[in-house]
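What follows is a group of structures, each given as structure tokens.
Common to both upcoming complexes is chain A, partnered first by chain B, then by chain C.
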Partner chain A sequence: MNVARKLACAVVVAVCAVSLAANWLAPEGYAKQFRETPNAPPSHQHWLGTDDVGRDRFARVLYGTRISLLLAPAAALISTALAVLVGGLAGYLGGIWLRLARGFTDLFLSLPWLFLLITVRALLPLNVSPMVSVLITFFVLGVLGWAASARVLSTSADGLRNSDFILQARASGLHGPRLFFVHVLPNLKPVLYAQFWISIPVFILSEANLGILGLGVAEPMPSWGSLLRELEGLISFREEPWKLAPLLLLIVVMTSFQLLLSNEEVTA
Partner chain B sequence: MAVFDSDRMPGLLSAQITVRYAGKAPVLRGLSLEIARGEVVGLVGQSGSGKSTLALAILGLLGRQRAIVEGSILFQGVDLLSLRERELRNLRGRALSLVLQSPLASLNPALRIRTQLREAWRAHCNDDATTEDCDQAIESALRSVSLPSSEQDRDFLKKRAAQLSVGQAQRVLIAMAILHRPALLIADEATSALDVITQAEILELFARLNREIGMSILYISHDLPSVAGLCQRTAILHEGQIVECGATEQIFTAPAHEYTQRLMAALPQLPARREAFAAKAKATAVE
Partner chain C sequence: MKTIGRRACLQIAFCFVFFSLVLTADSALAQSGGELRFCLRSEPKTFDPLLVDEDASLSIRYLTGGVLVRVNRHSQELEPELAESWTISKDGRQITFKLRHGILFSDGSPFSAEDVAFTMQRLMDPALHSSTGDSFRSGSGAVSTKIVAPDEIAIIFPAPIAGVDRLFDQVAIMSAHSPKKEAAVLGPFMVAEYKAGSSVLLQRNPNYWKKDSKGRRLPYLDSIRLDIQPNRDVEMLRFKRGELDLINTLDSDYFDRLASSSPGLAHDAGATLDSDFMWFNQVASAPIPEYKRAWFASGNFRRAISQAINRDDLARVVFGGHAQPAIGPVSTSNKFWFNSKLKVEPYRPDAALERLKADGFHLQNGVLFDKSGNAVEFSIVTNAGSKPRERMAVMVQEDLGKLGIKVNVVTLDFPSLIERISQKFNYEAAMLGFRNVDLDPNGQMNIWLSSAEDHAWNPQQKSPATAWEAEIDRLMRAQASSVDPKKRKESFDRVQEIVAEQAPFIYLVNPNALSAVAASVEGANPGILSPQTFWNAERLTVNGTTRASR
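Up next is the complex of A and B:
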């Protein structure tokens, strides 16, 4: 592991650890309003100042980071599971199933990702509780984000279907779901891990996109997307540079993920 | 052309088949082959002559390659070509087994040896069978192929394919194949990837299993010396047809078909020096 990757790993681990410690670092929570000090600049009490309704920006960044960093892997898990069901299974079955799955996947991939995401999210209820909005947002990301992984998995599973050890397993009388789950799936693990890790930064950014458009996590719950929305009203970076903290954090974490995922073992 | 002494040995398999892939010339053209119970039959032919196609056709595993199989394959009196997939699956691994050419590629790289053997056993075990039954069957199969099977050697079962030698991997495959004591073992170029010493050990193993279990073996190979050393009968496959079939000694000493004669002529001869050394050693032994 080179220095850049070690540093990237340390950054991701540190950000995750700090966000998990939000309850201790910002015990007053992300929703408490300090009504006497709205739009306050950074101070000892509010390290990143307060927003326009007086909520502590540092607390919101911590809790927002926690939501984005915990739920993006959950969405990646959903999308990878769907990719196994569509791509992995089709590759294992071969023939018409593989052609159908590839056609469907190509069709899905040809749709503009962000447009599709915004459309589907807008079709779902927006006037829901913050927690439900979090679940809906990341569930939509997971459900719509399977296609690229499915394509990779279908090719890998197709290769395994014609391998000697699968032929040997068939010749031993093995068949059906057991053959797929016990004999094929363990051999797809490296591809599955790679697709899972690659999906995480994609989903973090996608949630941020939805959040900026007001289609992400509902107020008062914070996420990186909803925190970035605050930048819409930013007049001057020089006068209020602390408002860029969520953006800076997003850039640092995304860059760290990219450095980590550039490992040949992950991208192979 | 098939030679089959039904008085001496009762029939186990009788195949009369033509195999073709859509839009292509037949790979096997009216091939006729018979195997008796407890018999070791060698099938010899050059690469691409259809040897593996015959093996897969017997096991009913050609369907996925869109092959059209015509004719009949009578196994224990039942035409395998008339069976449904579910019935064929019930025979595969239990009555008909396969050992492939590349031992390391034929073992699942992601699974431990124990898991692979257990999977092969579970494919045909009774509903009331226990894990102890499974472990006993595995131990017995491993002992049959001279692999570590005792409690002290349990570490062997925890290994994966990449941690085995080629010879060990081939023995594991044979152990998997004989778990359910099949009536017919099809060894498709099972010794081609092995070095000479390991090859000799595996051939001895096949011969012992044939003697001890009474299992018939269809030994597919293009390696004539190994066929000569193991098989009671030999069939020569050329351009999708059995051109000659008979007792192994007869095939090797008095080949009738032109292709068989070419095969025998192509056999490498021992250098004169080695024969001289052998004669010298014999003379020394007499003294």
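Up next is the complex of A and C:
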């Protein structure tokens, strides 16, 4: 493990640890409105100031980080599982199944995902709690985000299908699900890991994009997306630099993920 | 002879210099207006003044169109323009205008009653689909015109229209004979150049009829350059750099930033006629649980919600103090139509809880339950991207949380929101705004009549679902069919009282009219009615020497 990767690992672990300690570090919570001091600058009471309605920005960053960092991997897990189901299986089966899966994947990739997300989000039930809305948002991201990974996995599985050790396994009488789970899937692991790690920052940014459009996690629950919406007023950057804190944190975490990811990709 | 000749030469030279100076000074006075520059937030959809129905085209129509009468944007009084005077018949079906003499269109063609007749006939042509024309449709039958004399015209309607004279503020008179059609105008400016997606250049109308008190021909400005710029950040940056002279409407965030850096340039004209409000879905066929429908149909429940919302906080926190807590359908700025007996619903969570208890609700472990034991929870939908509304929804969420009510805030893209609230009725509560440009309550007929499409809480009813809606229907029809302003006011005052008692709409705030005017602009007097900053454009001047980076 090189120095950069160690550093990245330390950053991700530290950020996760601090966000998990949010209840202790910010006991007032992310939703309490200090209405007498909206848009306040950093102070002893509010380390990163307050937002438009007087909520403590530091608390919101901590809780938002927790939500985005915990649920993005969950969404990545869903999308990777779906990618295995579609891409991995199609690659293993080959022939018409592979062609069908690739056609379907290409069709899915060609869809404008942002509009698709907005449409799906609009069709969801309205009366759900903020926590459920968070889960729904990331679930939708996971369910819609499998196509790129499936394409990679189908190619890898297709390559494995014609490999010598699979031929030998077939010759030994192994076939069907047992061949897939015992010989194909374990050999897809490096690609799976790489796809999983790639998906995490993609989903964090996707949620941020939805949040910027006001369609992400429901209020008053914070997420990186909703926190980044505060940056819409470009003119205030120099006047209120503390508003950049969520953006800086996002950049640091994304960069750390990329550094962690490089090694996985090399392995793959 | 020699001496006389020299003296004569001197006198001639003196006279020449004197008159040159006088002429130059006069010319400088008449031509010293300069160029005014500001932004349109979207592309103008049309230059036809009778087809205008969006902000950009409205601005151009205001600056170029000549009207028979004009609502003074400051005093809110109706003032004569192309018409010297007018009379309305006792039955309210006919209005007769006496026109000014010697007025020319921008292309030099003369103005007469024929042009008014032509404009009205075109405006009321069903094939034109003019939204301006729709406000004149009072009943079955056609609108007719009768030219009494070259300078007098009567317009006859099939049924009386209350406040008909004020509607002519929106009707820009077109030339019946000019080959230039809509390009021939009677307003202070005329369109000189249009670059799609970039700008519209308006130049002074050389034939404009108005003069100032000193006899100088208006407008003072040489031209107005309207840059098409939808991005408000860019608009503000350009204003700060001195590239723009006006920002017609500002958000409170931008306003506060400008006011802190350049206090003299930011103008708060007070509460507009606009309002932000929320309402509950009362549609009988709506796909919501029966017990929730019962909550929303209860006047006590709606009033309790209204009492539990801290409007002062909404105005102070969300709008930085640049909004007024709303009282009802009419803003306090609407001097004539506002019912001054009504007051802002005070923030009284205790009273709200008592009111709910009267309906069988009870509080248990911090959660409010109805008499059947259902926890009180509902969602408020609003449009994504409207920061003030999202902030208000979050604050309402917290206020109602203190009563043990769980509110889920849902932001939706606008088409999805409209589909839910107007077609599928698949929502529980909604928060939106009403952009009101009309002082007269007739402009709100489409909201208050129970049969109307925009009767948001329960639209298109075949017969009024409640007694108070039937009463509103009756009062609104009564005010619309009367020409007596006093009787109309009495009817609409009662409508406002019923709305305050029943709270079908829970009015939250009336945002203020915020604008920015550069120091180089002289004569500006921003008001609350649109167009806030350039309503007196003909009397504005821009001093080029004071135009500098701000």
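In the analysis below, the second predicted complex is superposed on the first by the 254 of 268 C-alpha atoms of A that agree within 3 Å, B and C clash if a C-alpha of one lies under 4 Å from a C-alpha of the other, contacts with A are read in each partner's own complex, and residues count from 1 in each chain.
In this text, a contact is a pair of C-beta atoms (placed from the backbone, for glycine too) under 8 Å apart; a residue touches a chain by one contact, two chains touch by 3 or more.
This structure is a prediction, so every number in the text was calculated from the model and none was measured.
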Fit or clash - chain C, chain B, common chain A: fit
Touching partner for A:Phe165 - first (chain B), second (chain C), both, neither: first
Chain C versus chain B, contacts on chain A by residue: C
Cα-centre angle that chain B and chain C span when viewed from chain A, reported as a multiple of 10 degrees: 150
Which superposed partner A:Asp52 touches (first chain B, second chain C, both, neither): second
First, second, both or neither for A:Gly173, with chain B first and chain C second: first
First, second, both or neither for A:Arg35, with chain B first and chain C second: second
Contacts of A:Val182 with chain B and chain C, given as first, second, both or neither: first
Chain B versus chain C as contact partner of A:Gly94, first or second or both or neither: first
Chain B and chain C, minimum CA distance [Å, superposed model]: 48
Intersection of chain A interface sets (partners chain B, chain C): none
Partner chain A, residues of chain C touching it in the complex: 233, 236-237, 253-254, 257, 313, 316-318, 377-379, 381, 384-387, 390-391, 393-395, 397-398, 406, 408-413, 416, 426-428
Chain B partner contacts - residues on chain A that touch it in the complex: 94-95, 163-165, 167-175, 178, 182-183, 186-187, 189
Residue numbers on chain B that touch chain A, as the complex places them: 59, 61, 64, 89-94, 97-98, 100-102, 105-111, 115, 119-120, 123-124, 173, 176-177
Residue ranges of chain A touching chain C (in the complex, touch as defined): 31, 33, 35, 38, 52-54, 118-119, 121-122, 126-130, 133, 213-215, 218-220, 229, 232-236, 239
